[in-house]
Structure formats: structure tokens, C-alpha cells
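Lettered A, B, C and D in written order, each chain numbered from 1.
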Amino acid sequence: MNKNIAPMGWNSWDCYGASVTEETVRANARFMAEKLKVYGWEYVVVDIQWYEPKADSHEYHPFTELCMDEYGRLMPAENRFPSSAGGQGFKPLADYIHSLGLKFGIHIMRGIPRMAVHKNLPVYGSDLTARQIAKTDSICAWNTDMYGLDTEKGGKAYYESLFKLYAEWGVDFIKIDDICRELPHCEAELIAVSEALKGCGREMVLSLSPGPALLSEAELYKQVSNMWRITDDFWDKWEQLYDMFERAEKWCIHAGAGHFPDADMLPIGPILQDYDKDNRTKFDRYELKTMMTLWSIFRAPLMIGGEMTGFDDFTMSLVTNSLLLQMHADVRHSHPVWKKKINGREHIVWMGCGAAGGYYVCVFNTSETEGEIFLPMSDLELADSNLTYTECWTGETGRCGDGINVRLHRHSAKAYYLQQG
Amino acid sequence: MNKNIAPMGWNSWDCYGASVTEETVRANARFMAEKLKVYGWEYVVVDIQWYEPKADSHEYHPFTELCMDEYGRLMPAENRFPSSAGGQGFKPLADYIHSLGLKFGIHIMRGIPRMAVHKNLPVYGSDLTARQIAKTDSICAWNTDMYGLDTEKGGKAYYESLFKLYAEWGVDFIKIDDICRELPHCEAELIAVSEALKGCGREMVLSLSPGPALLSEAELYKQVSNMWRITDDFWDKWEQLYDMFERAEKWCIHAGAGHFPDADMLPIGPILQDYDKDNRTKFDRYELKTMMTLWSIFRAPLMIGGEMTGFDDFTMSLVTNSLLLQMHADVRHSHPVWKKKINGREHIVWMGCGAAGGYYVCVFNTSETEGEIFLPMSDLELADSNLTYTECWTGETGRCGDGINVRLHRHSAKAYYLQQG
Amino acid sequence: MNKNIAPMGWNSWDCYGASVTEETVRANARFMAEKLKVYGWEYVVVDIQWYEPKADSHEYHPFTELCMDEYGRLMPAENRFPSSAGGQGFKPLADYIHSLGLKFGIHIMRGIPRMAVHKNLPVYGSDLTARQIAKTDSICAWNTDMYGLDTEKGGKAYYESLFKLYAEWGVDFIKIDDICRELPHCEAELIAVSEALKGCGREMVLSLSPGPALLSEAELYKQVSNMWRITDDFWDKWEQLYDMFERAEKWCIHAGAGHFPDADMLPIGPILQDYDKDNRTKFDRYELKTMMTLWSIFRAPLMIGGEMTGFDDFTMSLVTNSLLLQMHADVRHSHPVWKKKINGREHIVWMGCGAAGGYYVCVFNTSETEGEIFLPMSDLELADSNLTYTECWTGETGRCGDGINVRLHRHSAKAYYLQQG
Amino acid sequence: MNKNIAPMGWNSWDCYGASVTEETVRANARFMAEKLKVYGWEYVVVDIQWYEPKADSHEYHPFTELCMDEYGRLMPAENRFPSSAGGQGFKPLADYIHSLGLKFGIHIMRGIPRMAVHKNLPVYGSDLTARQIAKTDSICAWNTDMYGLDTEKGGKAYYESLFKLYAEWGVDFIKIDDICRELPHCEAELIAVSEALKGCGREMVLSLSPGPALLSEAELYKQVSNMWRITDDFWDKWEQLYDMFERAEKWCIHAGAGHFPDADMLPIGPILQDYDKDNRTKFDRYELKTMMTLWSIFRAPLMIGGEMTGFDDFTMSLVTNSLLLQMHADVRHSHPVWKKKINGREHIVWMGCGAAGGYYVCVFNTSETEGEIFLPMSDLELADSNLTYTECWTGETGRCGDGINVRLHRHSAKAYYLQQG
């Protein structure tokens, strides 16, 4: 992991929910390797319920049977992931993805399977049994698969048995769920997860869900993980996108050096599974630019949520905009400058510094009508007086002078790179 | 059930926790029949975990095995209740207790055993299975045996299967747990329990736990049950006893006509299991009188918590005081009159009317030192001017005149019956 | 004051707001003496701002001039109360009302006039000045006349100077405002008021406003005052009337022996000043009966709010119903029995005991449609089996038997007196 | 006002409370002009109660007399500010301070004097009177001088009359009190103040008190004022200093371009009036450096609170450290990097960018013992690999390499300037 760039990749949830298959994962990995890898996209992540044979949608099946090994560790459902047959787990799939020059990730739930507890299975590499370490009052509020673990009774041993297995498989990215907004209740368990991962012998990105994370716990998230969700599931609704400005404002100072507030997947292109039925993102093109711009200047992880093989040209342009992705990789110290109404239209300005010089300035029209504003250079407090700009979406260039006139469609954004000359 | 008198009986929890045996229950039933029945005591109630073979204390064993029939209904552990062998359940024990002229009760938990859900057992008398009706996010906070039931998915059918069985056994009293302070969350389930019981063909007292019940739900408790806990577990500590005055004040107007706020068991005599090791109640004799007096004028259910065969003479005097038990049976409209400091000592006065005439007036010294107060008759607003009194604990009698001088040891109480003449 | 009966009288607020005149007060006093005194009505109370020459409505005039003596004690505005001329204060008016066999009351605000503080007037009977005893951060939220008093700096001296004056005038009833729901903030000041009154040498009823009072302070209200408002201003709206059932439920056990929860004035007949313009109560006849019935069984003070000289026959029937007023005077231990829906209509039942024998049972139909219910005697837990009833509004009589069929119009009530025979 | 640098100056409160005199103000102004002006210090601000003749300490005198003109505008007490005699107000003193090349500021309270309201004085430049525009329920919680103003009734006119007068006097800085943490309650009044100031024809810094300001109102503070208090009064206690790190973290992104979160005055040198009696700051030298460092990187206004003529050499070194003051003037985008325990000692790191190039990095040891940490360059995400540092307090220089070893006394700080080379 390049610690100065928030992770970029693809995640199966937005499109496939609990039911993605190996075939789909491989197809998307191939697409990423051919078309997107060069822009920096690299992680391919299989989301929740890969161990459930009957998973068939975004819904969970209460109390359903899960695939486990004799130590209560969940295993890929062979009917969905054929290469895992014979106890090989995700190793064959990870090997394939690595062969494409990409990295492989999986989703896990906090805790140990309830059936492992009721069957009282032994914990690999320890003298403990599942019943001894399960936490009696700790269940997930929305999924019936697991019990939490009691770290005072040795629960960390189970996480160690997990990460040993994942290291053997070649996993590069762990998205662990039911452990982020659950602080401080789950603090001991989160620390156990972090320590077990650090001790497993393989570097993996650690991503925490679900959001909203607690701002008061920012330093803890930064120390134990690489990214943490600052919002509940993000979908293609303007209200949720608008709300992200406030979340980003609160969290922006905590991005950097291997730890990034996570604004969730990008619901772009075909999403929600049956994409031949036109379940394409409901965001319009302006809103999509606003989303990509905010995520980029905020240094949020960029995880594509849609089925990539179904991307149209416009969607491809969102994820292959080199100037925008340069901002995402290069910007430092980004933060909002102001939010105010000008001629009745609310605009928001963010700025940040380029690690390699220059400045990034993003302007958002969050109102319901198109309009133009003048952004005075004095609002940015820059020492340089002789600056030019390049806008990331339009490519337009110019001199900054006393300020920039910015014309924006409703719900749209522009992202300027300012440099000497 | 005599709807004008709050239930009176014995419950196994205070002394035996989760581990009472049939032998102990029979011994206490015999004792009650011989020594206490004549004073109105009648219910013999087996508390929690009678279906757990390994139960051995007041502690719960997480995720332990429970005895169930093929429909997921819990059955007595035969090692603890030998007469239940051969699938007879509690019928032989209930028959024995009925033969003594007493009534039999059991404790149950809200919901269906988790193992019945994970095994997906069928629900007796319906086409449903356990997995279909279990509520996914509903577990007890302190016991791992059950899942709650989803009434919108047919969960009531399981309660119907339970009460049918209990009616066959001859159960007279159900103490259902994890369903009282859990309102309004568990309201639908509570109503389902009440309806299932009313439809089972046998009258049973319905007792709700745990407390504290919600005052805002008083009318619901009154309509669906016969008693409901207004406090968490009550033990032999003055702080808890003192606190009960405030609880009783809030709930007193809701006692009567088959529905009684429940102040929990009476921790008297040997409690906490190993009674040969002198685990006798920590209340002193004054506090015990205060407790018996408050419970009686407040019309709380009187459920003995100690091992009755180990009662000494003083303890026997607490449960065989005819005047006090007359107040418990006869008093109506009882409520506090005032609480105030007199000469630096806090006293509390309660009063009520006798259904058969006369008045009951109780005076409590809740301060830390002995003292005497004058209780003016005018505080009681009685029309009669020619009253005499009899005190329940001392038997002393006298004329009321303008008022009564009441001398009380710290933490002690007196209970007066006032009548014409 | 008969301590077993909540005060009954007339108050100028509902009809005249801040602007009642001596002429009106005298006219109402004459009417009360002639027509209502025989039923128990006795207090004639002049409400707020009698010291303000320009008062003209229910509105307050911020920072307006007030009439004061040289010790900062407010004096009747002579243009409104001519008999007070020459520094006689309310003595001539009180004398007149006493001559009619009635009692006289006034409203005061907590604290000392702001102008007395800014002028730094001396406090009668002490060495203190107004500036020394005013509490710097204590003003009324809705009236600009006064500053609160700091009891730690001698503020009680000002209250002593007030009550000395009121005793000289012959005041029988003090309604003090801005000091009831303000607990615990104003506790020290309330106690100072109570002690100053008790030391003044004349018995006066002490009535606290505004509501809602704090239930947690019930014992304090009982010890320092005779009545305290349990609601904010009560007007002729069904929502407020319906809401009073819940307030009465919470407070009912605190009524009696000289201390009564106060449900505010009765907005009956002509109210809101210009009564020739038909500003008559918006309550219909059923709701008026409901109000009179609830106030009576709850033992609330009965203070007429309308202009009595404009009462029509129906309004007169509300305040001259001997059976109902007997219940108000005679009932003890009253409380709700239940509130539930029967055939979709919510009904509420209250009951109480007669000090002189018998029982009172009130039934309210709080639903939106007319209907009939059967009230089983068993709900009342009465020992007597041979009871007859008399209904207070209709006069109908009958035998109780197993219960009573009660037919009620929407928002209406019946009040039964049950007795042997 | 240079909008890129937070205001720097002296304020009379910390040392003189409510009772500073013209003589003292002139002496401090002369000292500043001679010794500190060259470092950027320029504002001389007279704090609260300059209109009160009897002011004599940090205490307020309830309901005391204030000097006013015939329009209810407060005027300097001539016994304390002799040059104001003859209705000249602060003009002579402002002229004097301007003659030294400095700027002059005063403190005002939100609202209009209560005596102006009770006397119903006319409002200069309008047809309104004080009584018409005073807000009836709006007083300050800790000072009895004023009533708030009702903007819906024309209250802004009074603020216009004030700023017109202050512009005539030559005021450059207004610290307005009782209007900052009072949002949103006082929002309308705050906007009226801002508009009145902008319309008065003279530029003045607008400073809002008291704190803590509301983070949710950040954009409003930024738009209407130049600085706003983020804390209640700050004094020389480590707990308050430590607490400021968290406040600064929340507010840091809102500093810049003419709007600065205000961490209150610097309690350095002689404070609390009787400085000959050794009422010097209780902060030790390490804590003073921590304070100066945090205020500087956070871009807080720097307002000296102590009596400058009594500064010793060390105190002078705090306010004449050119490197530190360069950071205060030059730093942009500053924010915390992390807070964590290293070897059991909590350290905090902040960083920012230089407007003229380079970076600023501050390290704080907030633990109770001395220790050394290694600060890796990778935590700072800098692109440059060939950096040197200069430390502001010690002057030590070196190469950054992979990181810097930082040794710090308990409660102490270092401030590094990093640049190419």
C-alpha cells in the first residue's frame, strides 16, 4: 500500500450484494487490469456472504447454513466459488488476481459463526473452544451469522487463526464489518483484530465498517486501520451526496499517511445486480462529477461499486480522468474554505496543497439552479500572485488574476489545479 | 385467582438461582401446605433454567445444552426433576402440588430456544418452522438461551404450542422473563403471549419480568397480565428497600382487580442456596418489618424467596401475622400521605381504606435514628371522630383522638388498623 | 380555609386578563354572594397587574410604569381601583368583600419591582436596599416587572414587608406567580415566601403558578403551599382538557389536607373580556360536564374564570350542582381505575371513597363517538354487594348489581354516587 | 487589518478586569509602540465597564449607575478616563494611540442599557425609544447592565447609533460580548451588529465573546466577524491549556482570510491587577512556550493579557520571537497530525504549510514526564526528501532525513520550520 494515496479498487456489493460469484469477480478483475490499472486502480474486493451457498441478492437469510472448516472459520461456498473446492479457500482466486498485477480483498464480519459456538468447535492454534470465547450479549443488529468475541476470555486467538489462513490465501485487503460505528463498545475487539493482522506476516489494508464512525475516536481509527466508514451505506441519492460535504468537513484533517476516512463505494454505472435491466446509477452527470470531485479532494478511498464491464464512455471518463486522479493522489491538507449563498445559490469551496507544488481548489454548486460566482483569490490566502489554472473536467485553462469566474450547473463541480506561471 | 388479593407463594430463585431440584420444591410445598396455607400462601413456583441439566448456581452457562422436545419446547431436565422422565414434563410434580391443595408455577423466557432455530425445528400445531418465526435482532441481554419471536411472521403459534403443553401439565402460574422493561420494543410479543395464554383453556396467573416496568405502559400491563415487576432484582439491602418507597408511590394507583405492581420476592430466612452456611437475609428485624409492611399496604404480590424449611420463629412471624395479611388482602386505594423530616428524621406515612370498613395507616421511620412523631388525625381527612387503633406488629391498641404518637426504631415501621368504636 | 375542601371562587384572569377594574370585581362579588355562596363558593381574586395604570387587555406592557410605595411595594392603580386612593391599598375593597361574607385574594409576582432596584429604594422594616437583595440573573421569562430576590442576601425581608401590608389590607388568598414550575431554581425564594406568610399574623391561602409543577417536588409544594398549578394556562380546547386526565393521574395521590394540585381556572360562560361580543367558552355542554366532573373527583380547586353576571342557565347549572359539589367536598383517595378502548372508543374510569361513606365513580367517554359500555362492579373491588347509585348530572338512580351500563355522548362524563341500600 | 494575519495586541482584562484607567492604557500603548510594534503588535483594547465610575476590580456591581448620553449610549467614566471630559468620549485617547502608530479598541456588551429602557430614552437617528426596541426576555446571565435588542422592532437602529459614534471617536476594534455562545438565540442581533458596523463608514475588527462558540455556526461567525471566542475565559491553568488542543482541532479549518477562531488572551507576565504583589502567571516557562506555539500554529489572535511594563526578559522573549511570529503570520492549512502515546507519554503533532514555501511542524509533550520521540518524515507526507529544519525556541538546525528526534520537557513544545536545502 502506498500510504500517501487512499486505496483505489472495485467492490462487489453495490452491484451484487451478498451473491457475487467467482466468474463475475474474474471478469471485473480482467477489465480492471486491461483498462484501469494504469490509472492506479488495483484492489478487487469480494464483499459479504461469500461463505453462504444460498445467497441470492442484497438480502440476508436469517440463521442460514454457512460453509465452515473444522475450526469454525468460514470458507467460500463452492457452488459460487468453484476454484475453492478441496479446501483451497480463496487461494486460487487470489493467485489469479495477483497474476493480473492486481490485489485481492475480502469482507468479513466481526466475531465467530454462531453455529461454531453452538457446536463448540475448537479454535485453531489454541486450547480454547468457540463457546468459551463467544461474547454472550454481542450480536450484529442486521445479520444473524456471528457472535462477537470476548477478548478477556481469549477471543483474539480466533482472529489470529483467521488472519493466518488469509495470509496463506494471499489476501491483500480486509473489509471488516460490524466494528466501526460500534465503538466504544467493540474497542477491545477492534484492537485484537488489528494486532492479529499485524502479527500474521502479510501486509493487508484494514477497512472498517459500517459508518458513521465516531469523530471522538478518530485517533484510534487512525492507529489501528487504514480506512473507516464515515457514513452508513451510500447510494445514488442527492441527499446523501449533499450530506457528505458535512461529513467530509468533520473528518478532512484525519486523512493522510496510511489512514483515510471512507465515504463508501462509488455507485456508478450498472448497480444493483440486474444491470441488463437498466439499474444504472440515478445520479445525473453533474452529480457524478460532484461526487468524484469531493471524494478526490477529500482523499477518500475510491472503490468502484458498479459492474465495470458494463461501463459506458461517460462512466469510463469518471474513472480515467488523469487530472482528477492526480489531485486525489497529490493533494494534502485539504479542507473546506467556505459555504455560503451567493445570489441565493449555495456554493461550497474546498482547497488543498499539492505535495509536488501548486494548489487544488474545488467549487461546488449545491443549489437547485445554474449560476456563476466570482471566487476571489484573497479567499485562498496564497502568497503567489502569478498563477494559472487548469480545470480537471473541462480542461479549460486561464490566469487566476484577482479571482476566477466559475459557472456551474446545479449539483455540479469544478476542480482547479493552480500553479505558478 | 382471587382478583382482589395479590398472589402469595414461594419462588425458588432467591435461594436456589438456576439450580433448584424437584426434591427441594416438594419439601417446600409440603412445608407450605402444613404451616402457611392457612394464612393464604398458595403458589409454588420453579424459577429459571429448569430445562438445563448442568445448572448449578445463580449463574447462567452461555450457549449450554437445553432439554427440548421435537417441537423446540423446553422440557424439565430429568436429572434435576426425575418425575418428568418419559416425556411427562411437569405433570407429575404439578399433580403432587395440587394434591397438597396448592398451585404450581414455572418461569419461562420470552422467545424460542436458539438451538431450535439453528436446527430449524417445526412448530407444534402449525406449518411453520423455528427459523421462519425467530426475530433476527432480538436476544436477551443476560441469557443466551432464546431468540425473540416475530409476531408478524407467525411467532404467536409457538406461544400457543407452549401454553397448550403447560395446560396439559396443570400449570397455574407463569412468570415470563425478558418481556417487561423491554416495552415498547416487545409489545407485540407480550400481547401474543397474553392471547395465547387466554386461549389455552386453563387459567394461569401471568407475571412479567424483569423490572423496572415503564410507568407509561401501566394500562397495557394491567390489561395483559396479573403482575409486573417494578424493580430490578430486589435483594436484602436497605438502599433497595428505601428506593421501593418511591417506586411504590409511582405505581400504587395501579394495584387492584387482578393486576398488581410487583416489588419482587421477599428475601427472608435462608437465601442464596447454601443456607447451612448462614446465608441468611442481611436485613435486620426492623427492616424486615418495614418490607413486609410496605409490600402489604402497597398490595404487592408476596412471594417468599427463602428456603422455608429453614425458617426460624421470627421469620415465621413475618409470614403468619394475621393482622398484616388482613391489611394486604383488605386494603384498597392505598397511597402515601406524606414524606417529611420531623426533628431531622425522615418519616413516611401511607394510608388506605378497608374494603370491609375501617382504615389502614402505616408509618415508616426511614432515618438512621430512633424517634417519636405525632401523627395528627387531620392529615388523614377522616370523617369519623371516634376511632380506635390496633397496631399489627405489636398488637397495641388505643384511641386515636387528635392523633397518634408513633415511636419507631430506625428503619422500622408500624401498621395501624383504625375502626369505629 | 377548610383544609378538606379545595378552594372555590372566582378569578379575574380568564375574562379580564391584566385589566380588571374595581367595579367589575364588586359586581362579581355581589353576584357570588347572592347566587353561589350557598354552594360553597367564597374567594374573589384579582389577578395580575392591578398596580399598572395602563393595563388594558391580556397583554403585558414591557417596562411600563407601575404604582409603588416608597418601599418598592406595588400599590393598586387608583384609576382602576378608586377605593385605594390615599394610600389605602386594597383595604376598602377587601372590607367590602368581607361584608358580603366572602374572601378576598390578589395575584403577585415573585420578586421586587425592577424600578425599585434601579432607584435603590429601602426595604420596609430592614436596613437593606432593593439593589442589595435583587438577584442579578433572575427575571421572569414573560413579564418585565420584577427581579427575583436573593435569599442569601436578605431577600426574605422584602417578602415580610409585603405580607405585613397584605395582612393589614385583609387579604385572604395569595396567588404568587413565576415560582412554581421554576423549581428547583426558585426553591429558596419559595420557602422564604412561605415563611414570610406564616409569620405575618393572618391566614391566607397560598396558590403557586405557573404550571406545570414538577412531580419530583410534590412534597415541597404540599408543605409550603395550599395549591399549585399542574398545567400551563388552561383554555377551552379539548386537547387541553383531554391532556388533564394524564396530569390528574400523576398528581391525584397528592390531593388532601390543605394541599391540592391545581388544574387552573374553569373557562365557563363569558370569557376573554368583551363578553358582549360572544366570547363565550368554546367547550360544548358535554365537555363542560367532563371538565366539572374531572376537576371535582380529582379535588382540584374550583375557580370560575368567566364573568358571572353573564352566566346563562346552563352555566349556572354547572356551578350549582349539589351532588357534584358534594363529591368535590366529600371524596377521598380518588384515582383512575383504568383507561381502555371498548368497541374502539376510549373510556376512562375514576373512583374515590366518600369521607362520609359510599363511593364515587366517574366514567368519561374521551372518544369521538357516542357509545355504551358495561362497567363491572368487580373492577371497583367493593366489598358491598347491595349498592344503589345516583348519577350527578342526570339524577338517574338504580341498583348496581353486577355492574352499570353507561351510555355517553362523545367527550362527555357521568358521575355516580354509590351507597348501601 | 491584514486579513491573512490574526490580530495581535493588548487587552486590559486579564490584568485590570473592569477597572482599567486611561493612565494605564496610555502607559501600555507607549510600551507597545516602543518595544513590540516592530514585531507586529498593534491593537490596544479597553475591556468591559469603562462606562462605570465605581468599577474597582474584576467583579461586576449589580444595577450600578453607568455613564450615558441622552440617547442611551454609554460614555467613558470621566473619573477613570479624564480625556473624555466634555462629551468627547474616547476620541482623545484614540487620537493619542493613533499618534503612536497603533490602533484602538473597546469592549461593548450586546444590547442597550437597562436604565435607558426604564427612562425610555430616544434612539439617536430614529423615531424609536429604548422601551420599544428592548427585548423583554433577553438579559445577560452574568452582568446586569443591558437588555438585548429586538431586531423585529427596530433594534438595529440603536447599533447604528453606536457605530456612528465609535467611528467618530476613531475606534479600530470592537470586542462585543454576550453574543457568541448565545447563538442561535442571538443570531438576529449578531447580524444587526455586523450590518450596522459595515454601514458606519470605518473599518473595525469585530471580535465576538464569550466562548465557547458553537461549531455548527462556524460559517456564520466567519461571515459576520473577524474573530470569535472558542473557549470561556482562559486562565493560567494547565487543564485549560491542555483542553485547548481539542478546541483547536475542531476549529482549525476555519482560520484564515479575515476570520480567526479566538483562544482568548495570553495570561503572561503580571496579571490580575496588583502585579506588584507578584500576581504573575502561574504557567511555567514550558507551558508558556506550549501556549505560544499552539496559538501561533493555530493562527489564533494574539492578545497580550498582562501588564506589559512589568514584563521580565523571559516574558519579552515570548512576544518577540521572530521565528515563532513568522509562523503565526505565514502558516496556512494547519491541523493536528496525530495524538498518541509513545512510551507512555502523550505527544501531539501539528503541521501547516508556509504561504511563502516550506512547512511548519510543532511537537507537544502533553505528558507529565520528559522524554524523546522520533517523528518520522513519512507521517508528514512531504514530497521533498532533502529538507532542513530550524527550531523556533532553541534556534537549533539540522537535516530532516527520515525524521527528527524530538526531546521535550513535560508540558513543553518545539516548533520547526522545514525548508528545502
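The rule is simple: a residue touches a chain if its C-beta (ideal position, glycine included) is under 8 Å from a C-beta of that chain, and two chains touch if they have at least 3 such contacts.
Note that the structure is a prediction, hence the values are computed from the model and not measured.
Separation of subunit B from subunit D in touch steps, taking the shortest path, is 2.
The chain with its C-alpha centre at the largest distance from the centre of subunit B is D. If you average the Cα atoms of subunit A and of subunit B, the two centres end up 54 Å apart. Inter-chain spacing, taken between the CA centroids of subunit B and subunit C, is 42 Å.
Taking each chain's centre as the average of its CA atoms, subunit A and subunit C sit 64 Å apart.
Counting partners per residue, subunit C has no residue that reaches two or more other chains. In summary, the structure contains touching chain pairs A-B, A-D, B-C, C-D. Looking at the complex, you find that subunit B touches subunit A at residues 62-63, 114-115, 117-118, 120, 131, 134, 136-137, 139, 141-144.
Contact residues on subunit C toward subunit B in their complex (touch as defined above): 3-4, 219, 222-223, 249, 252-253, 256-257, 332-333, 335-340, 352-353, 355-357, 378-383.
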